[in-house]
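Shared chain: chain A. Partners: chain B in the first complex, chain C in the second.
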Partner chain A sequence: MSKSIERGRYGCNLHGAIQTITQIQGVVPILHTTPGCGLQHDIAKKVGSAFAAYVQGYEIPSSNVYEKQVIFGGTSRLREQIKNTVKVMNGDLYVTLSGCESEMVGDDSISMTQEIVDQGEKAINYRAPGFKGDQYIGYEGIVSTLIDKLPSVYENVEEESSDNRIKVNILGIIPVQDIYWQGNLDEIQRVLQPLGIKVNKLLGYKQSIDNWRRMNTANLNIVVSKWGIEAAKKLKKLYHTPYIVVDNLGMGPDAMELLVDQIAKEIPIKVEIARDFFRAGKERFRYALKQITEYYYDYDFQKSVVIVGDESTTIRYADFLTRYLGMEILAIIITDFVGEETKQEPSEYLRSLAYDIYYKKDTREISQLIEEANPELVLGSSLEEEIARSLGAYHYTISYPAYNKVIISSCNVGYEGGIGLIENLSSVLLQ
Partner chain B sequence: MGVLDERKLVAREKRNSTITAYYGQVENLREDLEVSEIRQRIRTFSQTTSDELIVALDLLSTIQDIAVVVHGATGCSASMIGYQFRNARQFKKDGAISSDRSTWYSTNLDERDTIMGGDEKLRIVIERAYNDHKPNVIFVVGTCVVAINNDDMSSVVLELQEELEIPIIVIDTDGFKSKAGINGSDIVLHGIGKYLISQNATDKQIRQVNIISTTLNYKTKKELHRIFDKLGLKANVIPRYATIDEIQKANKSIASMALNGEEAEVLLQGLEEIGIPAITAQAPIGTPAISKWLNELGKHLEIQDEIEIFIREEEKNVQSYIASQPLKGEKVYIDLPASLAKSIVELVEDLGGEVVGITIPFVDVSNKESLKSLKKEAYIQVGDGQLFELANIFSKNQVTFYIAEKAIGDFVSKQGVIPIPIGNKNIFFYQGIKTFVNSIHRAKRSVSYTRYISEDAVNPYANTWTKKSTNWYIKQEVK
Partner chain C sequence: MVINMSKKIGKHIAIYGKGGIGKSTTTSNISAALAEAGYRVIQIGCDPKSDSTNTLRGNNYLPTVLDSLREGKKIHLEDISVVGFKGVLCIESGGPVPGVGCAGRGINAAVNLLQELNLFEEFKPDYVLYDVLGDVVCGGFAVPIRDGITDRAYVVSSSDFMAIYAANNLFKAINKYAPSGGAKLGGVIGNGLSAGYSKSIINDFTEKTGTKTVGYIPRSLVVSQSELFGKTVIEAHPRDPHAGIYRNLSTYIAESEDLVIPNPLGVTELKDWAREWGDKIYDLETGVISGSEAI
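Right, the complex of A and B next:
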């Protein structure tokens, strides 16, 4: 039995699907749900650094099912809605998303979507009832669905023979849940570019259906959180594309070198051609680190810390803070997982990063764990601000929800992420 | 039978003949509202909109020292994350209250629960909320999942009510019973009136008046208190940003009033039934409407003279703002509930502007008066959101400013129109006039930003759609 959650940081399956596809230019979601489902997400996403999209918020088409459709079925209402959406809104792809109500009533969203596909429109469907999981499941589900169904409405793009670059897809970065998602995708692109690697970001700025049609041309899929594994497996099965799961898509030079080493094991890249780039990155990072030296010693930056957030995010911070700043990680509290919290098994690597690893979704229980650990610094979402304050600890926001924050180009990966963290965290610790 | 005697509140459509879809001339809409059986309309294409659940959560999130249990999937309470942010900001910035112990829960229903039922889970969560927080009240909010599943929230609550010493109130929001989101706050008002306010109106405080609002922000609350303090009166502002104690004190007031009549109706009526008269007046926005509102209050409390002096004094402070005519020659579009729209139209015209179109989220018998004051040949859209129709309207009409409660700046600026969102400002009473005029000046300074944004904006709406008539997708419902 799933546990109740106090002050949760979760949307649902439907929300995960919406926040993913609205970050692909030209994609129009068609919700087959009760009226407020789309708006719940719109209100929640604003504290997750997703602000602008091709279609968002009040603009998202929705069948807005009412009592009549609940009693008599809503299939014909959906047919009408799909047909008219195509007439009102321009889209490169329409995605029907059926929510709790229609899945319980048993509306046939698959056939209704197929009807317009038969008429030559580009459309797919994804069954997204909220009771089947949170937004992480929604991301995983919609990405798999796009991989499976897109080729049936669009031909895959053939490899451009003139482009000899190595191509990679980035999987596992979830818009909104990763509050730095935009900057992170850009930084990965920036770091891998000198190696002759062309990064397919798939989501965010200038990413369209074409990017998804090109997924099959990748030489490697890079999975940066557990939520990208299923998609990578699928792509391997369909296109024989190898993939790597990066345990720590970290910040700072060491993590970047490890990442490159891991890529090099799978595909032939000439690391030496980028030697200058990595050397410059390391130098710049060290230069940044040097600037806080006096503060580092004078203000006792070697804090004891509790980190709260998605697994991949917490790993990133734990590694960086111990490696470079000598902080002591008392506990990592992971908030993205499926199933019972007591049955989760952290990896060896994760265990090596902190004294204690917990899996929790309930904000009150998370606060209690923080209180027991009694750290000097709390890295988490805005929901952890209160407990940090009551303990007299510093608080720095790294995970969703992030109140009072607008994050567009900042990141928490790579060289830039490391420098940004040094800058921002120092500012917090000097308060 | 009185409104609070009913166990469940009847949906707004059935109570008030509410319509949520219409586009046409005001005159035809007025005629429509006169017939006994209203011609209900539906959209055959629609965009996401507020439902009962989200409106109820918006309101409940502001009540202090309570626990809200959302009985549904995790996503059904996702908006609370955003509401908490908004409220915390208001508390911090406007010093609303020093601490709020309110919290919220999701029963986190999964697939198994949709088959087997979630009663047991609900019981556990209510007990947990009680033991962990000792809140003053627990509100249990329904969602479409439990409604379809026929989970009996009331029996669980009834049983626990005997064990626990605090009121537990069921808010029966299915998300699909009513097409009008406002039905959600109606249900909350019904629950509050029925279970929190004693039906005996005794021990009356002759200087205390209930001000009922489900949407006001804290800045408006401050302005209300300023005015009432000056008049030597006490405003008991409920239920938004109120404590349970304040809500319970409602039966001791001498009368009740609203800022925006249509949203307060259920509680105004309920309180009237226990002997607290409701004073009705147009929304107090703009000097004529403010005077009317205050005069109605004065008449009831027999303090007309004080009120008259007060009005004269306060009006002096805003005269220069109105005389500056900041909207002279500007074309303004208004998207607000009818009772607010009526007052805002008057204010916009007082400030020299021309109202070129109006959108209201819903219309029903409670709006007859508001509609009367609008020009009969003017076009009016009824719908919450439904931005595709607005895109159509904007493409056919020249509009400079768009005034609305909700923040849809992204959409509006893409159309080359400058939004003036008033949701997080106080536009009521005298301070409100100053704020509104300042907002117009700010909006004028947003010209270059808006132009920059709209220059290469990609609008998702098909050209063929914007050429069609605006009401193309609005049809009469076939029963």
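Right, the complex of A and C next:
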């Protein structure tokens, strides 16, 4: 039976598409929606640490259709919007995104986009009605669309033959939804670089259409959340690129070594060459851990915990907190899933991390579950702060939405993520 | 948009039915008959084809409400209405060109605009007839029977299965909206009836759905001929028996307060019912059983 969701934590398909493509330099979205769709995204992205984008907020062009376009069709309004946008905004790629109303009335945004392609502009379209799903679906959809359609407007880039490095694309990190997305991409790059791996981050600082045109040259696609699997499958079909799905893109030395082992099974990397790097990473991590030992015992860091967030994020924290800090994970509440919450099947690995695994999107129900578990520490979004406070539990923000928090280079993966968490969580527990 | 029923001026009647079944012809003749009887009548065509009121205004040009809305200029009532036969005020909602936009929303917007223009306060009608297109395919086409715009609906149907199917769909819509203030059903108007068993089929359907047939209009050349002249039967052939049928129907619609919430048949139920009639008609045509025994 259908029911309402109280204080949901997601935007829609359209928002997923916007927040993804605006993190690619040179990409200009053109919205074919009613007024407000783009603006809502702008408000929402601020609590997801996506403060800067190539085109953002009020700058995002929108056809702002109203009743007249709904009744009579809005294609001519879209045509006008595209023509004017191309005149005033420089873009390496224009992406028309059609929202709910234009999809409901069947506006032909494909032909409208084709018109400027015929005039020599680089443009593609993505159907982004919000009713098709949430931001995760939007990320999945726009990434698939870029993979499919980019070669029709741009030739794929051939790598320089002198560059012998192994190349990988990182798939499944969603700007905004992963509040540490920028730092996480950087940390993955930092960890894999010493192995002779060239990481194609695709999104964020200095990532442009060229990075996307280069996707076909990858030796391996690394999928770090379930939302990257579709894209990896597509790339395998199109370019025969193998891919790995990393169950736990974790924090700390063990997770990093597991990641590298998993990569080594697919592509010939010499793990030995990175031995020094791993050793240094491990030593530095231990040194960091040592610095909180006194607090650990004095303040009894062995807390009982409930973790709320996206599947990949919650796994990361559950593994780290039990492995390095000896915490007890009472429950994991996963908030990114498709379909009915009662029909979700957690993996065996996930089950091994906590006593209880729940799938919930409703903030009130999530609060009730936390109340029942009665933990000493809640790791979740800002929406869980209230219930944590009422239970007298500590609260630490790890997932979207994150109010009053600016995250630019911090991460929650790798060595740096582990050390950062030790530092930040200790500060919370000392209060 | 919710209209306060106590303030509603005149009786507001929606006429539905499958495309091509004769809704506009029937509605226009009812309007003409009511006007002839001295009532103030408005007929609003709710169809992108915008030909509902043709026979009331001699096929003269009439800009539609939505055409005016598209142009974006300030709209006055006189721009979108024309006075036709015996003072019937004719209005066409119009709609988008086929294949684009949303006609359902168009009807909604047109009716909204008419409210804003104080149409009913200005014209003070006794009767307002809404001639609504074809099948109730989506929410937009149910607007006239929702939100208290009309308080009663009639459905025009022949004895053909597809027409009855469309009628049954409308019953579903009424059934859904009536409990929350939507229109109730006045009844079914049998139109274009030729075969001997046509009446029996319609009567059986109305009986099964807890409704009733309020008029039977046989197929007639007079109707077609009047239309070709751009006139209603009431105007072109006022003494023809057909004009009498329309007058009786309009009197019934004007006076009757017998409104019901129909019980539509389920998909399988409707198919089984149709199959049963198919067998009966086949037997009748092939002479297995005599006519009166068969029906």
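FYI, the second predicted complex is superposed on the first by the 428 of 431 C-alpha atoms of A that agree within 3 Å, B and C clash if a C-alpha of one lies under 4 Å from a C-alpha of the other, contacts with A are read in each partner's own complex, and residues count from 1 in each chain.
We take it that a contact is a pair of C-beta atoms (placed from the backbone, for glycine too) under 8 Å apart; a residue touches a chain by one contact, two chains touch by 3 or more.
Just so it is clear, the model here is predicted, and its values are computed rather than measured.
Visitor: So, A:70: does it touch chain B (first), chain C (second), both, or neither?
Guide: Both partners.
Visitor: In the overlay, answer first, second, both or neither for which of chain B and chain C A:281 touches.
Guide: Neither partner.
Visitor: Contacts for A:13 in the overlay, against chain B (first) and chain C (second): which applies, first, second, both or neither?
Guide: first
Visitor: Figure out whether A:106 sits in contact with chain B (first) or chain C (second), or with both, or with neither.
Guide: Second partner only.
Visitor: Could you let me know whether more residues of chain A are touched by chain B or by chain C?
Guide: If we count touched residues of chain A for both partners, the winner is B.
Visitor: Which chain A residues lie in the overlap of the chain B contact set and the chain C contact set?
Guide: 67, 69-70, 104-105
Visitor: Quick check on the complex: what are the chain C residues that touch chain A?
Guide: Of all residues in chain C, those touching chain A are 66, 69-70, 72, 95-97, 100-103, 105-106, 109.
Visitor: Chain B touches which residues of chain A in the complex?
Guide: 1-15, 25, 28, 31, 34-44, 46-47, 51-52, 54-67, 69-70, 80-81, 84-85, 87-91, 100-101, 104-105, 129-135, 364, 382, 401, 403-404
Visitor: Mind listing the chain A positions that touch chain C in their complex?
Guide: Interface residues on chain A, with respect to chain C: 67-75, 104-107.
Visitor: Spell out the residues on chain B that touch chain A in their complex, using ranges where they run on.
Guide: Touch list, chain B to chain A: 43-54, 72-85, 88-89, 103-114, 121, 124-125, 128-129, 132, 143-145, 147-149, 174-177, 179, 181, 385-388, 406, 408, 410-411, 458, 460-462, 464-465, 473.
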